[in-house]
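Attaching a single structure in structure tokens format; questions to follow.
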Amino acid sequence: MTIENAQKDIIDNFLFFDDWTQKYEYIIELSKDLEFMSDNLKSEDNLIKGCQSKVWLHAEMINGKINFLADSEAIITKGIISILLNVFNNRKPQEILDSDMGFIEKIGLKEHLSPNRANGLSSMYKQIKFYALAFSKS
Amino acid sequence: MTIENAQKDIIDNFLFFDDWTQKYEYIIELSKDLEFMSDNLKSEDNLIKGCQSKVWLHAEMINGKINFLADSEAIITKGIISILLNVFNNRKPQEILDSDMGFIEKIGLKEHLSPNRANGLSSMYKQIKFYALAFSKS
Amino acid sequence: MNLSFNVEKIRQDFPILSKKINNKPLIYFDNAATSQTPICVIDCIKDYYEKYNSNIHRGVHSLSDEATSAYEDARNKVKDHFNIKYSEEVIFTSGTTHSINIVSNGFSKILTKDDEIIVSGLEHHSNIVPWQMMIESSGAKLKVIPLMENGELDMDEFANILSLKTKVVFLNHVSNALGLINPIEKIINMSHEKGAYVLIDGAQSAAHFKIDLQKLNVDFFTASAHKLCGPTGVGFLYGKKELLHRMEPLMGGGEMISDVTFSKTTYADLPHKFEAGTPNISGVIAFGRALDYLNEIGLEKIENYENDLLDYANSKLKQIEGLKIYGESKNKTSVISFNIEGIHSYDIGALLDKFGIAVRTGQHCAQPIMDHFGVDGTVRASFSFINTFQEIDDLFEALKKVKSMLS
Amino acid sequence: MNLSFNVEKIRQDFPILSKKINNKPLIYFDNAATSQTPICVIDCIKDYYEKYNSNIHRGVHSLSDEATSAYEDARNKVKDHFNIKYSEEVIFTSGTTHSINIVSNGFSKILTKDDEIIVSGLEHHSNIVPWQMMIESSGAKLKVIPLMENGELDMDEFANILSLKTKVVFLNHVSNALGLINPIEKIINMSHEKGAYVLIDGAQSAAHFKIDLQKLNVDFFTASAHKLCGPTGVGFLYGKKELLHRMEPLMGGGEMISDVTFSKTTYADLPHKFEAGTPNISGVIAFGRALDYLNEIGLEKIENYENDLLDYANSKLKQIEGLKIYGESKNKTSVISFNIEGIHSYDIGALLDKFGIAVRTGQHCAQPIMDHFGVDGTVRASFSFINTFQEIDDLFEALKKVKSMLS
């Protein structure tokens, strides 16, 4: 599945909800899907700046694709990370570099993209792209 | 004549004018009445801060009354000094301390009282009062 | 409950209160971050730009006279409101942060490495970082008034660290993170006995009760207009004349000098020495209007009403199981800083927003207090006289739903 | 004359132009001190306070998101307008004076007593006094580019004083007292060849023509919103990233740190490192709107029209006997600085005001230039695209009357 298709799937899932309660309950649900991240990976180096709750992101290159592990103290943030990893995990660096975040607006989470430093979605995406760039050069 | 009466006289004189041209022509006329101030009195010490054109004010106590000498580079400022000295020259310190500047508004020169540092009427009046205070204590 | 306070009428002065968030009426409980702006203040800004916008102090024309008079009127309003003796002791700044930096920078050339300064453990970063910068350049030592378990200042420890070496004591009047009112009268008197100067950061107090600076006999005081129903980008610093004369200015520029050649510059008199450059003219004038507005309502009435709101909110929120309030005390402004067990403050704030309720979450620019309580952050609901008891009920109901969603 | 420029239509955007002074229509020729404000900018401020006033960057609620987005949009507008590479190279300040102080303070810890800095003889006090303060703390030496008789910079002398010791060169793009446009491209290139950084004070240039900062390759640039149809109390500093990283901040506070304990503070990333405290949020957003407004008209059109105004005013004013213009040159913005023989500039300004004409008189915060010409002050009429040819005729007639009254 391409990144674009993964994003379309998410948009379709979200279309399903009539109100914000259902949407956020779904996000909270998704937070539980996140793959376990061991405490030793929750290092200063993996901490993403610019989020109000602590967010850790770890990346490794496996067979030409980037494998991400991430976690957060806040459930909603975790749910949003989960959405992001659904899209960007196990991708080739170039795929990530070619991607955009338009789908976030389409699923009604635009507020999380604001340059407001409280919610760190932009920072996470920046960091994901940063890893992609680094690995594409290595 | 009391200070109050001197101020009333000035108000009466100004009532006479229909438009600003006449008023300012009169002020320019008055500038020529200023008593001559010799250059050696135009010292740094006598310079009044806060006027755009240089204004010098010198004061001496003669027989219990304050004698002022003043000059300025700008004609309008000179005219206004002339009005001030008409009121405040040769007064006892206490008379000056008891006075106010309400008459300036009545003759339509309120703009010169603004805290704007370009026109220094407030600064001049402050300095006149300052001398009065100093002499009243000596 | 306070019946004499007509909150519905007052709310009509605030256009933003008709705003909908997520299709729900805005409930604004972030007053400690910034206050909302009454229409008279907004109109005052509009009026300035439509009728007498001009650079001030040196213009020869009528617009400049008009703008200068309005600007200096605002200075007199600040002077009167806070009962300051001389108008030249009122310095307009871009806000509390700027004010504190003026003082810390001014003292950086006065203090030496043998001197000590004292800060409270309750400070906003704006009252910590400037002093750290000062310490670096002066070598003076920093002592901290520790907190007691509930977050109040440990006054016994203050007495211990205060000495003849202490030169400046700086602390906030009210803590922004907790709303605690500090015993500043006591601190000022004790400090003065040792010859130390005191700076009070009034960012969080000035909106909530009347402050008499001559009576307090404090050396420096500062607040921000944007927390006082005024606009952003303006505040003031009060300082005793003789201290302001001794301090070097933080910034150089136009307005603040009386004589300039390339080899030498003479600073202008107070307050201009500290007001370099074109100031926030419309902001200063609107700040004056905001003080008028607060006085039209009456700060005493505001204080009483806000105390009632706080009591009510306390009693409601405590009904929520697992909710812990930080900094409980009798001496508080209308701020409640809390967490719910097992839930991250960010999650609470993000979901409350969906109910149209604006609270602040996180460290509130006061990391040392968070460290004291061993938390990462809190949810802070800060009430003001534009809020209603009904809104507190709404918060209570929303919190219950949020809690059940998140646990 | 420029016929494609519909000045009457543009004037309708400026509410203040319907003002009467002394019963005469306001003729505003003090644009170099502060520009007037179009209704779209005034409405933008009103909108902010009525619809989304909130503290920014750390709020979890929708209002804060909205205000933060608008604030950061403004940063991008400044970036685009001046063709800046990275948005974090745009620092919002309270104005040009503040910006220059950030740089002079930043360099005070970088320079040593073996270093030299160069300033032009044409500077505004805001670009002199901060550097004098810096020199005092760093010990670096100040060299001055002298003026030629007409007030233009003596570029031969500049080449002489520029050396490998020179670390910073700072000068204005356009002189506020005379309107002269300095050869900054040349100065930047020559300075870079010697390894010196250049700060350009664009307070008087940015309103009059398009400026491309990447093309200029300048190290620092600054301007004030209030001279660009924007509000008071806001401006920006552009700096190259690597230089901003090297400089210490002028002020400490909230927003500008990433980690605070009492023993240590870590500064936040750019641009926040230099934006301590709550900024002038409404001002910044309205500044962005003002740039939009200027772009809607088109800076090229503005430049052409203002050049025509200047030519016309020059030809008219020279008909007045005894009138002397300071700083004549082909490279000028629409400013005429003059005196009439035997008459004090203050008298001219005070009487012009009675005709409803606002000009500035005095030293224009540029005492060294006045010293150069051996005058105490001048009358400065500064024109902008809101002025008309008819208004210049009115000035001409008024000046003749003023002259006859005063001589």
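Order of writing sets the labels: A, B, C and D. Residues in every chain begin at 1.
Just so it is clear, a residue touches a chain if its C-beta (ideal position, glycine included) is under 8 Å from a C-beta of that chain, and two chains touch if they have at least 3 such contacts.
Nothing here was measured: the structure is a model prediction, and the numbers come from that model.
Touch-path distance (fewest steps) from subunit A to subunit D is 1. Seen from the Cα centre of subunit D, the chain whose own Cα centre is farthest off is A.
Once the centre of each chain is set as its mean CA position, subunit C and subunit D turn out to be 31 Å apart. Taking the mean of the C-alpha atoms as each chain's centre, subunit B and subunit D sit 37 Å apart. With centres defined as mean CA coordinates, subunit B is found 75 Å away from subunit A. As a whole-number value, the distance joining the C-alpha centres of subunit B and subunit C reads 44 Å. Multi-chain contact residues of subunit D (touching two or more other chains): 22, 58-60, 62, 64, 346, 349-350, 353, 361-362.
Subunit A has residues 52, 111, 118-119 in contact with two or more other chains.
Against subunit D, in their complex, subunit A makes its touches with residues 49, 52, 111, 114-119.
The residues of subunit A lying in touch with subunit C in their complex are 20-21, 24-25, 28, 52-54, 73-77, 111, 118-119. Those residues of subunit D that touch subunit C in the complex are listed here as 15-16, 19, 21-22, 26, 28, 30, 33-34, 36-37, 41-42, 45-46, 49-55, 58-64, 94-98, 100-101, 104, 119, 121, 124-126, 128-133, 142, 144, 224, 226, 231-234, 248-257, 259-262, 265, 276-283, 346, 349-350, 352-353, 357-362, 365, 367-368, 371. Of all residues in subunit D, only 22, 343-344, 346-347, 349-351, 353-354, 361-362, 376-377, 405-406 touch subunit B in the complex they form.
Interface residues of subunit D, counted against subunit A in their complex, comprise 56-60, 62, 64-66, 68-69, 71-72, 258, 269.
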